[in-house]
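Just below sit the structures, each encoded as structure tokens.
In the two complexes below, chain A is the common chain; its partner is chain B in one and chain C in the other.
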Partner chain A sequence: MIELICASVLATVQDQGRFGSLKFGVGNSGAMDQLALAAGNLLLDNAVTDAAVELQVFPMRWRFHETTRFALTGADTRATLNGRPLPPWWVSRASRGDCLDLGRAVNGSRAYLCLPGGIDVPMVLGSRSTQLRGSFGGLDGRFLRQGDRFSAIRREDTGCVDIGVVPPVCSMPLGERGLTTVRVLPASEYACYHGASQAAFWACEWKITSQSDRYGYRLAGEPLLPKTPLEVRSHGIVPGVIQVPPDGQPIIQMRDAQPTGGYPKFGTVIEADLWRLGQAPIGTRLRFVEVTYDEAVAARAANQRWLQTVRRLVDVWAGRRLSA
Partner chain B sequence: MKIDDQLIKQLSVLISERGIDLLELTTSDASLSLQRDTGGCSISRASVLLPSEVGSRAPTTQASAKGAGNYKLTTPSPGIYLDRHPLSTQPLVTSGASIEAGQLVGFLQISSLLLPLRSAEAGRVVSLPQEPGVTLGYGSVVMCLLTAGRS
Partner chain C sequence: MNAVQDMTRHLPPAIDGGKLQITALGTSAMLLDVPGELGLLPQQKIWALARAVGCWPRIAEAVPGMNNLMLILSEPPSSHAEWLNLAEALRRAWEESEPLSLDGRVVDLPVIYGGEGGPHIADVMAHTGYGLEDIVAIHSAPLYPVYALGSHPGYCYLGGMDPRIATPRRKSPILDLPAGSVSIGGVQTGVSASAGPSGWNTIGRTEMTFFDHRRPSPALLQPGDLIRFHVQGIES
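Moving on to the complex of A and B:
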């Protein structure tokens, strides 16, 4: 069991998401960096779909009330266990009474604290993700508070510790270092915009404004102007959709996006790159790169291959250690 | 497989030809450890443990070799030597630094996997003989340490 022993904001329990309920008006939720969550789970021999705690405001302190393995992935928070530094993207063992401290995040904005078998909270509509809008899922459908305690689902746990994985931002870099770059498919209303706006969208850097959160990122940059005023009926939207409200400043829908929206759709960040957005800090800049549908599918396959490699290597190393 | 003089000679030739720094072999009868000298031409250390000793050996992830007044940290597996985490711009240790037993001093990268290189002893770093990014074999020396008790 672990306990959050400091005041905190914006931390939630998340798994890979709640799928199949958009028709009921229930959004996907789920980890903003699904690769980091999956890698943390693989380091613990978990299913990639198991739930973890998503952390995004630091510093933060946790106390372990029993001996357990844990994995920490995502942003590098200069974590320490009882004052001893832990590498990022690493699986470790904590003893009863140990304190885990997470400092200011660098190289990303969200970290994932994973436990063996995942975090033990009730499954709601097929997922343990926190659905903030509906106030269900996760821990009572809310952000975590000081004093909250969680248990690991798998209490009898053996496996390797003190190994890590090379973060995907290093294994699968995209664009300039230090500038978040994501690949985008033009969407249904793309052709309705001026050529100059289309060109600016791909050429300019876009600032992630402070009005950005798990629901969506509001961007600031060259206004995107339609050739004629657009009236669009409300329609289904998913995470990654880039909408353009009348002021011309785009919004990217993120994991807690509502299932419908009425703004014109300029493009869609491909599923394979949503994790890059999830790690982009507020105030930093983004760049978009146009891709084809086939390239988007290939990018998703590359993510899956990366995860398969991590799974295989962890399995092999765990096997070697057990037979040593 | 029986560990005898002939096998040791054969393995000595093999590790010299293949550029292997350290070879450890465990059979049901005994355990053999062969270490190549720094010049790479001859065996500087050969040791055979009997069954009772084999049973008492704790499994280790990192082979180490002690000399007079120093400790050498060696790689537990083939892999790419890193002196820092891939996300970091600073090396974990530099020559002359004092380190504690158990301190992380580097990584060994095997594809997407990172293994820790931790010092088993406290002391002062004398040298870090490997270039970061180089691919190393099993048993390669990555750090030479003047141990705390002897400094």
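Moving on to the complex of A and C:
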């Protein structure tokens, strides 16, 4: 069992998301960096779909009330276990009473604390992800608070420790260093915008404003102007859709986005790059690169290959352990 | 003759299937949209299409919107050519789909109009020129069909509002509108199912619970159901 010791905000329990309930008006939720969550789970021999704690405001402290393995992935938070530094994207073992401290995030903005078998919270509508608007899923459908305690689903656990992986931002870099770059497929209203706006969208750097969270990223930059005012009826949307409200400043829908929207759609950040957005800190800049559908599918396959590599590494380590 | 757009740069993956527009929402979803006036007949065809293609192995979920349908793909088509094949199959399914009358239940929602629970009814009066009682009479007269669910858990998009009480959305949204707020946004009306932000004009309040994740069917209403607003009181 682990306990959140210091006051923290905006931490939630998330798995890969809640699927199949859009027809009830229930959005996806799920980890903002699904690749980091999946890798953390694989490092602990979990299913990629198991739940972890998503952390996005630091510093924070956790106490372990029993001996367990854990994995930390996502943003590098200069974590220490009882003062001993831990590498990022790493599996460690904590003993009863140990304190895990996470410092200010560098190289990203969200970290994932994974436990063997995942975090033990009830499954609601097929997922353990927190549904904030509906107040269900995760821990009572809310952000974590000081004193919250969690158990791992798998209590007896003897797997590998002190193993890790190279983060995907290093093995799958994209664009200039220090400038988050994501690939975009144009969406249905793209052609309705002025050529100058289309050109500016690809050429400019977009600031991620402070009004950005798990629901969506509001960007600031050159306003995107339609040739004529657009009327769009409410329709389903998915995380990654870039909507343009009348002020011309785009909003990227993120994991807690509503399942429907009514603003014109300029493009969609491809599924394979949503994790990059999930790690882009507020106040930094963002760049869009246009891709074709086939390139978007290839990028998705590249992510799956990367996860396959993690899976193989963990198997190799487990095998060494057995033969040692 | 269908104009199929080429997948060159600057063009979204799209197929113009006669009347149905099919576009990509990235690689994970597709949007099928019926252009033209919003209406119940195209919506009944959308319901039929959702039912027909919802069980295709490729389709993880078919989600009706307002005269449109979003399809969540279990696995994206492996290439642009495959995407076009799927779009073509969807277009054929649309052409074969017959309006589906869902014969939903009629659900009565008792509403207290105006007062504390309807803080913007004065704005609707000012915009439309109608008095309080007229607005209540016009708003509570129709049977409103549930077209689709969306926005937040249990929320229903309704058709059938009398355009005489249409009122533009508010310039700045209300940040924490309580659950059960009955409101008007443009030509649409709806009832919020849980507290949250809204840009619509709130004219009344109902006590109904629209969503409970513990129920076997968590949403109270589904497409095809009909809502009748029953005047429980009018406060000025």
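The working rule: the second predicted complex is superposed on the first by the 324 of 324 C-alpha atoms of A that agree within 3 Å, B and C clash if a C-alpha of one lies under 4 Å from a C-alpha of the other, contacts with A are read in each partner's own complex, and residues count from 1 in each chain.
Everything that follows uses one rule, which is that a residue touches a chain if its C-beta (ideal position, glycine included) is under 8 Å from a C-beta of that chain, and two chains touch if they have at least 3 such contacts.
Since we're looking at a predicted model, the values are computed, not measured.
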item: Fit or clash - chain C, chain B, common chain A; value: fit
item: Partner chain(s) touched by A:Val314 [first = chain B, second = chain C, both, neither]; value: first
item: Chain touching more of chain A, residue-wise (chain B, chain C); value: C
item: Chain B versus chain C as contact partner of A:Val241, first or second or both or neither; value: second
item: Partner chain(s) touched by A:Lys23 [first = chain B, second = chain C, both, neither]; value: second
item: First, second, both or neither for A:Asp162, with chain B first and chain C second; value: first
item: Following superposition on chain A: angle at chain A, chain B versus chain C, Cα, nearest 10°; value: 160
item: Overlay on shared chain A, then closest C-alpha pair between chain B and chain C (Å); value: 26
item: Shared contact residues on chain A - chain B and chain C; value: none
item: Contact set on chain C toward chain A in their complex; value: 7, 9-14, 21, 23-29, 31, 33, 38, 60-70, 72, 76-80, 83, 148-155, 157, 193-194, 196, 211, 213, 218-219, 222
item: Interfacial residue positions of chain B with respect to chain A in the complex; value: 59-61, 85-88, 104, 107, 109-116, 118
item: Chain A residues within the chain C interface of the complex; value: 19-27, 124-125, 131, 133-137, 185-188, 190-191, 198, 233-238, 240-241, 258-260, 265, 267-272, 290, 292-294, 296-297, 300
item: Complex contacts: residues of chain A adjacent to chain B; value: 76, 85, 87-90, 106-107, 162-167, 169-171, 306, 309-310, 313-314, 317, 321, 324
